[in-house]
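There are two complexes below, and they share subunit A, which is joined by subunit B in the first and by subunit C in the second.
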Partner chain A sequence: MKRLLARHETYIFGIIVVFSIIITAINPNFLTLENAFDILKSNAFTGIMAIGVLFVLISGGIDISFAATATIAEYLTVLICLRVGGSMLFAFFSALVIGIILGAVNGYLIDRFAVPPIITTIATMNLYYGLLIVFSKGRWIYALPQYFRTFADIRVITLYTAEGLPYGLSIVTALWFVLMVLSAGLLFYTRLGRSIYAVGGDAISAKRVGVSVKMVRIFVYAFMGAMASVAGIVQALLVQAVAPNSIVGKELNVIAAVVLGGASLAGGVGTVSGMFLGVMLLAIVQNGMTLMRVPAVWYDVFVGLVILFSVGSSSWKVKKEKVGTFIDIEPLSPPMVQEGGR
Partner chain B sequence: MVSGDSSITMQSSFLSMQQINKRYTGVQALFDVDFDIQAGEIHCLAGTNGSGKSTLIKIICGVERADAGATITIGDSVYTQLSRKDALQHGIQVIYQDLSLFPNLTVQENISIGDTMSGSKRFISWKQSRTIAIQAMEQIGIALPLDKKVAHLSMADQQLVAISRALTKDVRLLIMDEPTTALTKKEVDALLSVIKDLNKKGVATLFISHKLNELMTVANRITVLRDGKKIGCYQASDIDAKKLEYLMTGTTSSYTPYTLNKERAGTPVLCCTKLSKKDNFHDIDLTVYPGEIVGITGLLGSGRTELAHSLFGLNPPTSGTCTINGEPVALKSVQEAVSMGVACVPENRLSDGLVLDQSISKNIVMTILDNHLSSLGLLDDEGLHEKVLEYVEALQIKISSPSSAVKTLSGGNQQRVVLAKWIATNPTLFILDNPTVGIDVAAKSSIHSIIKALAEEGMAVLIISDEIAEVLYNCNRVLVMNRGRIIGEFDSSSTTENDIQAFIDFHAM
Partner chain C sequence: MRPLRLEKKETSVLVGIMILVIIIMVLANPGTFLTYTNMKGMAYQLPELGILTLAMMVVMISGGINLSIIATANMAGIVAAIILKSQPGSPSVAFLLALGACLGVSSAIGLLNGVLVAFVEMPPILATLGTMTLFNGISIVITKGYVISGFSPAVLYIGNGMLLGIPFPLLIFLLAAIVMSIFLRKTRTGFSLFMIGSNAMATKFSGINNMAVLIRTYLVSGIYSGIAALVMISRFNSAKSGYGDSYLLITILAAVLGGVKSEGGFGNVSGVVIALITLQVLSSGFNLLRVSSFLTTAIWGFIMIAVMVTNFLIENRKTRGAT
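Here is the complex of A and B:
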C-alpha cells in the first residue's frame, strides 16, 4: 500500500479519477463504454508515438523530429502503395523501414558529433519536414487504397448500442496495446531495456560496466523512428487522408504526456504504465471539455494547468524524500520511548 | 601488524605492464611506469594527490587508453591497448573513486548490473539478480534495502553498494580506488577481511588509500608514485608509515595538538539545546565557543552527517532550539545559515560541493560573488582572480590552469577546491564533514594548520571525522555520537586514540 502511494502512477491515476467524476457529473455520456473505446481509438496515434518518446527520454535524450518522421513515413508509404499496390502488411513494413532509417540517422548524429540531441533533432526535423514539403508541394492525398478503409473498420471486440449500432475496440487500439505490452517487456525484462535505463542514469558508468552506449543511443532513436512511422500509418487509417502538415506541431504535446506520466527529462526514469496514464489524462481532459461544451480554445490553457499541477505535485513529493543513512536511534528508557527508525 | 606473507608470493604474475605513458592536455599524468601484480597478492598504490594513481588504475581496467608504446600482459594475452571488455573478460573489477553507480536504479540492480550486462544472456532474471545482490552484501555483512534507489542513499551506503557490486563470483583482480573514504572502522574491517579471504582464493587486489595505517596492515607490496613517475615497489614488511610518507612526498609531517589558548568565554557561536530530528538524532545539546575546534566521531549512521546538515539548514530539526552568535535560528534554509556565517563542507563532494564541468576558479569564487561586486553591480574580475590564486597557493591545489574544468582534477585536488570555496566565505561557524577524505598526508597537515589558524582568529569549527586521530589531534574537545545521541565527551589534551576507540567499540556492541 505504502509502495503504491509512493508511485507517480498512483497520483496520475487519482487525477484521472477526479476528472472523470467531474466530467460525468456534467455530462453522463462521458462514462460509457462507447466513449471509452472512442477515446482509446482516437488517441492510439499519440499513444504510439509516446512509446518511442518514452524510450528516448529514459535514455537521457530527447527527440523533436519524430512528428516529421511520422509524416514522411505516412506520406511516402501511401504514395508507394498507390503506385505499386500492396497490402496493409506491406504498408506497415514500408513505413517501418523509412522510420527506422530516419531515426537511426538521428541516433548516429547525436552520438558521433556529441551535439545536444535537442539541437540535432530540431535540425533534422526542419530538414525532414522541409524536404517533404518541397517534394510533395504540400499536396494532400485523399484517395487511399481500399484496404486502408477496410482495415480501419476492423473491430477486435464488437458490441451494439441500444439502437443496434455497432461499436467496439478498434484494431488500432489493439495495435497500440500490443506495442505497449511488448515495449514494457523489453524495458523490464531484457538486457537492452536495462541498458537504456543505465545510459540514462549515467552514461560514463554505463560504459564502465560494458554497455555499448553508442548502440543504445542508435537503438532508441531508431525505435522512436519505428514508433513514429507506425503512428503515421495509424493516423492515415484514422483520418483516411494524408496531409503533409497535419502531424508536425504535435511533438510537444506528446512529450508533455510522457513527462506527465513520470518520465524525467533528465533521463533514467519512466515506465510504460505511467506513459499510458499520461496520454490518457490529456485525452480525457480534451474529450471531457468537448462533452462539457467548453470552447476548444480553452484546451491549451487547461493542458498547461494540468501539466503544471501534476508534475509539480509529484516533484514536491520527491523533494520531501530525504537522503539519509539508516539511523537506528537508541531508544530511551521509558517514559520517553522513541520509535525506532529504520 | 605487517603481513608480508612471503609464502604465497611471486609464483605467477597476474598482470604486468611496461612503458605506460598517459598524457592529458596540459599534464603528463604518467611517465614510463612499469607495474605488475601477482595472483593472490594485495598490492597497494601510494602517492600524493594528482600523482597518477587513478589514471594508472583506469588504464588497467580499460576505461582509459595508454599512449602508444605500452605493453600490457594478462596471463597469456598481450595487449598494447586494453578495452573495458577485455578487462572484464579477465575478471578485472573496479570500485571507482567516484563510485560510478546508477542513481536512478535500485540497490539490487546496481549490484547485479555487472552480471546483467556481461555474458550472452539477452533476458534478465530478476530472481537471479536478487540472489546476486543479497549474496554480495552478505559477503561484507550488510543488508541495505534492495528496492531503494541509490540516489536516496548516503555517501557511505553508496560506497558499500559499489563495493558489493565489485565482489562478483568471477573476479580475478579487484581494484579499489579509495573505497573506504566514507566508511568507519567497522565497515573497513569487514572489507579488509573480505579482501584477505579473496586473496586466499588467488584473487589479486589493488588498493589505493590515503589512510596509510590501513594500507600497511593489509598490503604485501606497495608501489609508490610521485608526479606520474614510479619511485619504486617495496615489500610492506620492509617499510613503515613514516618511511612511506617520505617516499611519497619527500618530507615527513608531524601533528601538533590543538589547545585552546583562551578560556571558553563570551557568547557561544553555536548553542543547541535538545535539538532533535525524527529518525536522525535526538536531544543534542551542543555549545561551541569562538576559537574552539570541536570534533565529532562515532559509528556510521550515528546521525553526525544529518546533524551537520541540520545546522546548515538542509535538514530542519523537528524540535529543540538553536542559537548562532546568541541569535535564535530556525535552521529552515541554507540562505539563513549562510547569512548567519555558517559554512559547511559536505561529505559528498561530487554531488553537493562542486560544479564539475565548471572551471576551478568559478567553483572557488562561487560563494563570495556578492563581496566582489563593483559599484555598478558588476563583478570585480581582478580581485576575484587574485583570491583564486591565493587559495590555490594556500591549499597547494595541483592544477594546470585555474580555467580548466574541475572534473579534470584528481580526487584529492577536487576536495581542496571545495575547502577553498568555503574558507573564502570567512565563516564564523565552519562545519567540516570528513574534510580530508582522499587527501594525501602532506596536504592533510597543511589543511589542518589552516583550520587551526582560522580558529585561533576566533572562528568556531566543527569537524566530523571517522578518523579518531584527525579529531583528536586537531580539536580541543571530541564528542562521540552513537545511534542519534551524543554519548561521550573527551578533552583531547588528556585522552588517547585508544581510549576513544575502546569507548566506541564498547558502545557499538
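Here is the complex of A and C:
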C-alpha cells in the first residue's frame, strides 16, 4: 500500500478520478462506455506517438521532430498507396520504413556528433517539414484508398445503444493497446529495454558495464520514428484525409502528456502505464470540457494549469525531500535545524 | 583558456558562413540583392526574430530554456492593443499606458517563470511549456481568437518608422542587443549567469544566490519578449494569439547557431547577431529568387546540422592534437 502511494501513477490516477467525478456530476454522459470508447479512439493517435516519446525520454533524450516524421510517413505512404496500390498491411509497412529511416538519422546525428538532442531534432524538424511542404505544395489528399475507410470502421468489440446504433472498441484503439503492451514488455523484460533505462540514468556507467550506448540511442530515435509513422497512418484513418500541416505544432503537447505521466526529462525514469494515464488526463480534460459545455477557448488555460500544478507539485516534493536528507546527514541542535531547513 | 579560444574559433566559422552566404546571395541575385529596397526590407524584418532570440538566449546561457517567449509577447501585445483601442480620445495617454502595460505584463510572466524554475525548481522546459500553454489560453479567452487591429500613428512608428535614415525597429534591436551585451558582460548577475550555466552547484557554494540570479534572468527574458511584442503589434498593426508561433523553435536555432550552448554556460551577443544576419540574408535572398519560404526553413535546419557537425569535428581534432 505504501509503495503504491509513493508511485507517481497513483497520483495521476487520483487526479483523473477527481476530474471524472466532477465531470460526471455535471454531465452523466461522461461515464458511459460509449464516451470511453470515443476518447480511446480519438486519442490513439496521440497515445501511439507518446509511446515513442516515452522511450526517447527514458534514454535521456528528447525529440521535437516526430510530428514532422509522422506527417511525412503519412503523406508519402498515402501517395504510394494511391499510385501503385496496396493494402493496409503494405501501408503500415511502408510508413514504418520511412519513419525508422528518419528517426535513425536523428539518432545517428545525436550519437556520432554529440549534438544535443533538442537542437538536432529542431533542426531535422525544420528540414523534414520544410521539404515536405515544398514537395507536397501543401496540398491536402482527400481521396484515400477504399481500404483505409473499411479498416477504420472495424470494431473489435461491438455493442448497441438503446436506440440500436452500433458502437464499440475501434481497431485503432486495439492497435494502440497492443503497441503499449509490447512496449512495456520490451522495456521491462528485455536486455535492450533495461539498457535504455541504464543509458538514461547514467550513460557513462552504462557504457562501462558493456551497454552499447550508440545502439541504444539509434534504437530509441528509430523506435520514435516507427511509432510516429504508425501514428501518422492512424491519423489518416481517423480523419480520412491527409493534411501536411495538421500534426506539426502538436509535438510539445505530446511531450507534456508523457511528462505528466511521470517520465523525467533527465532520463532513466518512466513507465508505459504512467504515460497512458498522462495521455488520458489531457484527453479527459478536453472531453470533459466539451461535455460540461465549457467554451473550447478555455482548453489551453486548463491544460496549462494542469501542467503547472502537476509538474510543479512533484518538483516541489523533490525539493523538500532534498532538504530533508540534508538535515539527516548533519544532526544539529533544534534551533539550528530550522536554519539548515531553509 | 581553452573554452575561450574555442568560442573564438566558433565565431570565425560563423563569420565565414555569413560572408559565404552573403556572397552567394549577391551573385544569385545580381542587381536585386544589393539594393536599398532589399536592405530596408531586411532591416525591418530582422528585429522581431532578433529581439525574441535575445530573450531566448539569456535563459539558454543559464542552462535553461524559455518556451513561453512567443506566448508572453502575444499576451503583452494583446493587453497593449486592448488599452490602445479603449482610449481613442487621447492617443498619447493611451500610448504610454499601453507601453507600461505591455512591459508590465511581460515582466510579470517572466517573474512567474523565474519563480517556477528557481524557487519551485521545475525543469525550465516544463515550467515554460506550462506558462506558454496557460498564457496562450488566456490570450485566446480574452480575444476569443479574433484580431485586434488599427492603431494610432505613434504606435505604427515603432515598427515601421525611420529615424535618421535607419529603420526604427532596427534601432530598438541594436539598443536591445547592446544592453543585453552589457548585462551579460558587465553586471554581477550576468557574470553569475554564465557560472550557473556551467556549474550551478559550484556557483551556489561560491556564495552566489542562484535563486535571485535565475529569477532575474527569466525576468529579463520576459521584458525582452515585451519589447518584441511592441515591435510585433506595430508591424502587423494588430494583435492576436498565435502570431509568430513558428518563431519559437527558430529562436533556439538562431541562438545555437550563434554559439550559445544549449547546455548553458556559453554564448555571446555578437555571435547571435551574426547568426541572425545570416538567417535573414538567406531568407531575403531566397525570397528574391522566389523560393518557397518552407525551403528556406529546410535550409536553415540543414545549415544548423552542418554547423554543429563542423564544430564537433573541429573540437575533436583539437582534443586529439592536445593528447
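One rule holds for everything that comes next: the second predicted complex is superposed on the first by the 314 of 342 C-alpha atoms of A that agree within 3 Å, B and C clash if a C-alpha of one lies under 4 Å from a C-alpha of the other, contacts with A are read in each partner's own complex, and residues count from 1 in each chain.
FYI, a contact is a pair of C-beta atoms (placed from the backbone, for glycine too) under 8 Å apart; a residue touches a chain by one contact, two chains touch by 3 or more.
Treat the numbers as computed from the prediction; the structure is a model and nothing was measured.
Looking at the shared chain after the overlay, A:G200 reaches subunit B, while subunit C stays out of its contact range. Of the two partner chains placed by superposition, A:E163 touches none, neither subunit B nor subunit C. Contacts of A:V259 after superposition on the shared chain: subunit C is touched, whereas subunit B is not. Shared-chain residue A:Y299: touches subunit C; no touch with subunit B. In the superposition on chain A, contact is made by A:I119 with subunit C only, not with subunit B. Comparing which residues of subunit A touch subunit B with which touch subunit C, the overlap is empty.
Residue ranges of subunit C in contact with subunit A, taken from their complex: 65, 67, 116, 120-123, 125-127, 129-138, 140-141, 144-145, 245, 249-250, 252-253, 256, 262-263, 292, 294-302, 304-305, 308-309, 312-313. Subunit A contributes residues 188-195, 197-198, 200-202, 204-211, 267-269, 321-330, 332, 338, 341-342 to its touches with subunit B in the complex. Note for the complex: subunit A touches subunit C at residues 64, 109, 113-116, 118-120, 122-131, 133-134, 249, 252, 255-256, 259, 265-266, 297-305, 307-308, 311-312, 315-316, 318-319. Those residues of subunit B that touch subunit A in the complex are listed here as 61, 63, 84-85, 88, 94, 96, 100-105, 109, 113-114, 116-118, 121-124, 144-145, 151-154, 156-157, 278-282, 300-303, 305-306, 315, 482-485.
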